[in-house]
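Each remark here refers to the structure printed beneath this line.
Per-chain numbering from 1; labels A, B, C and D assigned in written order.
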Amino acid sequence: MLSSTLAVQDAVAKTVAAAAENVPQSGGAAHLILLLTVFVLAIFLGVEIITKIPPTLHTPLMSGSNAISGITLVGAVLATGADNGTWASILGFAAVVFATMNVVGGFVVTNRMLAMFRTKK
Amino acid sequence: MLSSTLAVQDAVAKTVAAAAENVPQSGGAAHLILLLTVFVLAIFLGVEIITKIPPTLHTPLMSGSNAISGITLVGAVLATGADNGTWASILGFAAVVFATMNVVGGFVVTNRMLAMFRTKK
Amino acid sequence: MTPDLIDLSYLLAAALFIIGLKGLTKPRTAVRGNLMGALAMFIAVAATMLHQDIIGWKGLLIAIGIGAFAGTVLALKIEMTAMPQLVALFNGLGGGASVLVAGAFLAGKEFSARVASESCFADVLTATAASGLIGAVTLSGSLVAFAKLQELKFIKDVSFPGQKLLNLGLTVSAIGLGWLLVSQPEHAQLWYWLMSGLAVGLGILLVISIGGADMPVVIALLNSYSGLAASATGFVLNNNLLIIAGALVGASGLILTRIMCDAMNRSLWAVLFGTMQSGGSSLSDEEVYTSVKSTSADEVAMMLEVSQSVLIVPGYGMAVAQAQHAVRDLTNLLLNRDVDVQFGIHPVAGRMPGHMNVLLAEADIDYDRLKEMDEVNSMMDQIDVAIVLGANDVVNPLARTDPNSPIAGMPIIDVDKARTVIVVKRSLSPGFAGIANPLFAADNALMLFGDGKKAISEITKAFDDA
Amino acid sequence: MTPDLIDLSYLLAAALFIIGLKGLTKPRTAVRGNLMGALAMFIAVAATMLHQDIIGWKGLLIAIGIGAFAGTVLALKIEMTAMPQLVALFNGLGGGASVLVAGAFLAGKEFSARVASESCFADVLTATAASGLIGAVTLSGSLVAFAKLQELKFIKDVSFPGQKLLNLGLTVSAIGLGWLLVSQPEHAQLWYWLMSGLAVGLGILLVISIGGADMPVVIALLNSYSGLAASATGFVLNNNLLIIAGALVGASGLILTRIMCDAMNRSLWAVLFGTMQSGGSSLSDEEVYTSVKSTSADEVAMMLEVSQSVLIVPGYGMAVAQAQHAVRDLTNLLLNRDVDVQFGIHPVAGRMPGHMNVLLAEADIDYDRLKEMDEVNSMMDQIDVAIVLGANDVVNPLARTDPNSPIAGMPIIDVDKARTVIVVKRSLSPGFAGIANPLFAADNALMLFGDGKKAISEITKAFDDA
């Protein structure tokens, strides 16, 4: 019985290992490089678009892109919302407050500025 | 003994399932969306860059981007090179010839054209 | 090379492709940009060949050798005027490669293993189908475009009643076969090749009825398709370099297509479905050409002698006559005698976007002298003599005056507003759009009949002798 | 909502961010662009909240409510002149959020499970460390920048010997702690908060020694950092929306930084390490200001009456004096009397790139009247009267003439080449760069001492009465 159980266990171990091998891991290097690719493309794209923005709009660009950088809000929501224990929840709560201020304030003030540009003509 | 083995097998099945669940699958929808993201970013980037290319260079752009589209060569190399049986190898061989013509011819002719532009000043 | 290193090389190659394309935004950096693209391709292919699974080295090197040799020879031998055909040909080859790669994937061991284990994902199969479908249309469409541009005998414009219906039917059937492929992976190869076969037919039918001068639009569009096919292949192989490079090409083709359509004031739809009614309303030749005056090279030379600023508007005829070197000689002579010479380049003059620029660059004409349409039109009243060299549609004033003409609304170069216009062409026959051109009978216009190259050389000679 | 749908919403949001930024390339589409960005953010947050694991709804909504309320109030109450501070403040909050999110990740259940199963990947840990490090520097650096710009009492320029060495030491230690975090995940929280603490100190020290007027560069750079921190968080959470949005912001901040440095003709390095030697060579005030002539509002009004074209060059003083509405009134009056009015906008006039444009837009001045430096300089000889309003460094001719001056080589607006120059400011005290300005003593220059708003209103009144 012992040996039989061991054999089964061995088979099990192999199966698990095989499963792990066949399914490329999301945390693996290939996945990391994919994320890196996304990052690099976004940087190139950002450079292309931003260099086209005229000086007149540089202040709104600054506050607008600042608002976009508040995208960490998404991460903050994930951190607070999950059942993660008190300490994590407190951190998450503060993160959500901070990030929301950044996001909402940033978009509102940018809109206020841009509305001024629109009034003429 | 039977019940014990069954229990082990059950445990095994659970472990495998858990392993499969924890590791996001590379073929899964999440991965597909990641590839899609890469595609979308590259399209945006392409549009930004190409619209900046002046009419003078439109013919070289056409032949140059044509050469780039020969990137299928990478796929063709993978198809021929692997131990894939005769039929796949034949297809792969033809694909490599075609794609290489596209790539090499495209870059050479573009270079020939552009060299003309360079001669003056 | 480990898979991760290969992936990193792919990322590097993608970045180089992007930087290379950026180089094409300025003539000064364009050569380097193209070389960067070639380097990127080299890195990508080299990294792939170092992949651990690659074993068929010998066959691979032979195939690459053949392809590289044939490609180089074609690229070096081709006349600059035949550029459109060459691009079409290469493009078709690229599309063909996509079809074959996706086919090889279905024939390969990895795929059969997946079918056996029933783990063939619908997304990969969809991408395979897309790769085959787009690739096959690109292949046959491009080859037809090539044959037409090369004016091969066996090809002619075909159009028959019910053609659109047939095209529609073929499209639907091909897509249906693609759907079968996705849902019955065990018969994947069967459905795949049936689908590709239909798609080849579709490509032929789609392009064969399109007029010769609409070919550039078709080529740009097919170029875009071949990029998208490469992207689809990237989804099949889970390879993001293919996805990125393909998307860049896809975007490039689409933008060029749009630029051309805008410059011809036609919708993409109209180009693809041939809804240009050749001569819908237009006047007959007899009505238009009542008072055509012709002139001689000597007379033109005399006129040039008393001119201060000359505008040359080249068109497709300059490419046909290979007159660009003769034009260069005339230009240099005029400049030496303090006559200012400019070139007015219409965005769709010739048979490719930027066609004229390449030819004039070949003849070493400074690209600062090449002016875009708008700039030229705004200074037209200061031009003493405008020489129209083998251009026709792009200077046809009907585009401005006759709202029923097929080219109505197409922006043109307003040479008719210059003091004198010399039109160099062989006859009064129409250009691509097939309509008469009232410019030839205008009061300030003189026709100089003859081959473009010969005519310009004669003018140069007469001018030099004087 | 299934994870895949959430991922798709993220992709949509990323595309909207990109399209929104593209909207900012034209004033006409800018408002819509900004709204698209806001919509993208809304979609992203809403999709995230529909995630199956989100349970703490109540706390979440409270937190969002607080943040949204505080943000809106700040954004609506703030004076336009205080924009730089506000951006700095928001930026700091964003950086702080990054620190907290990464911290919460380390404190969370998923992470402890991973540590227990020893499957915490080094890449995720590295990203966490980067997120905390960059976020903390952004947080404290931005808050110091805010305090300086707001001219809060308790803050002052601090610099002491060995400061650079201390900064270096702090940087190295923080990175070392980050390394510990990666290699000892079981003590992750300890190392993380120690590292973040050091990074907060580093942020303070880095910014506290930088001069007030270099703040805009610092803010742009910190803005870029906060984007990169968001990207790093994206790598932690395996979330590509964060990666993309963060990268866009990162690129934007870097480009703005470069534009500013170029316009000031200083290297980024010099800005960051305060190597602007205030007054290295320059002449003393007595030497420069030997023949300063001052004038009155009535006199200026008389001059304007006989002028045909007037150029107004605003600077930081206009922002301080809030003179933009007064300027609008004067402009309208002049235009009514057929005097042409233009504005010369130096790229770094004021305390932010585009600062003057926003203020003048606030006062409803047509943006077609705002000309960039190069354009203005090329038509300077046709200007009858140039009014310099609270600008100083950006019109200091020393930049052209004295190669030893701290602003040597900085491109300036050449008002000294206009027929007459009126300089409106409160005293002869220097601008940001801390150097004397020979323009004030030039033959064709007249000083109008006083607060910018008051001075302009007086001119308007005198002109209207005349």
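Keep in mind that, in the parts below, a residue touches a chain if its C-beta (ideal position, glycine included) is under 8 Å from a C-beta of that chain, and two chains touch if they have at least 3 such contacts.
For clarity, every value in this text was computed on a predicted model and none was experimentally measured.
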- Computed over C-alpha atoms, the centroid farthest from that of chain B is that of chain D
- Task: Look at the interfaces B-C and B-D and say which one is made up of more C-beta pairs in contact.
- Result: B-C
- How many angstrom lie between the CA centroids of chain A and chain B, rounded to a whole number? 25
- Query: Between chain A and chain C, what's the gap in Å when you average each chain's C-alpha atoms?
  - Reply: 41
- Query: Among the residues of chain D, which are close enough to touch at least two other chains?
  - Reply: 18, 240, 244
- Where chain B touches two or more other chains at once, the residues are 26-27, 29-31, 34-35, 37-38, 41-42, 44-45, 49, 52
- Message: Let me make sure I understand the interfaces: which chain pairs count as touching?
- Response: A-B, A-C, A-D, B-C, B-D
- Task: Spell out the part of chain D that touches chain A in their complex, as residue ranges.
- Result: 17-18, 20-22, 24-28, 30-31, 33-35, 37-38, 41, 44-45, 48-49, 51, 53-57, 59-60, 63-64, 66-68, 70-72, 74-76, 78, 80, 83, 86-87, 90-91, 93-94, 96-98, 100-101, 103-105, 107-110, 119, 121, 123-124, 219-220, 223, 226-227, 229-231, 233-256, 259, 345, 347, 352-355, 357-358, 361-362, 364-368, 370, 372
- Spell out the part of chain B that touches chain D in their complex, as residue ranges. 29-30, 33-34, 36-37, 40-41, 44
- chain C partner, complex, touching residues on chain B are 26-27, 29, 31-32, 35, 38-39, 42-43, 45-47, 49-85, 87-89, 91-121
- As the complex stands, chain A meets chain B at residues 1, 4-5, 8-9, 11-12, 15-16, 19-20, 23-27, 30-31, 34-35, 37-38, 41-42, 44-45, 48-49, 52
- Query: Which residues of chain D touch chain B in the complex?
  - Reply: 3-4, 7-8, 11, 14-15, 18, 240, 244
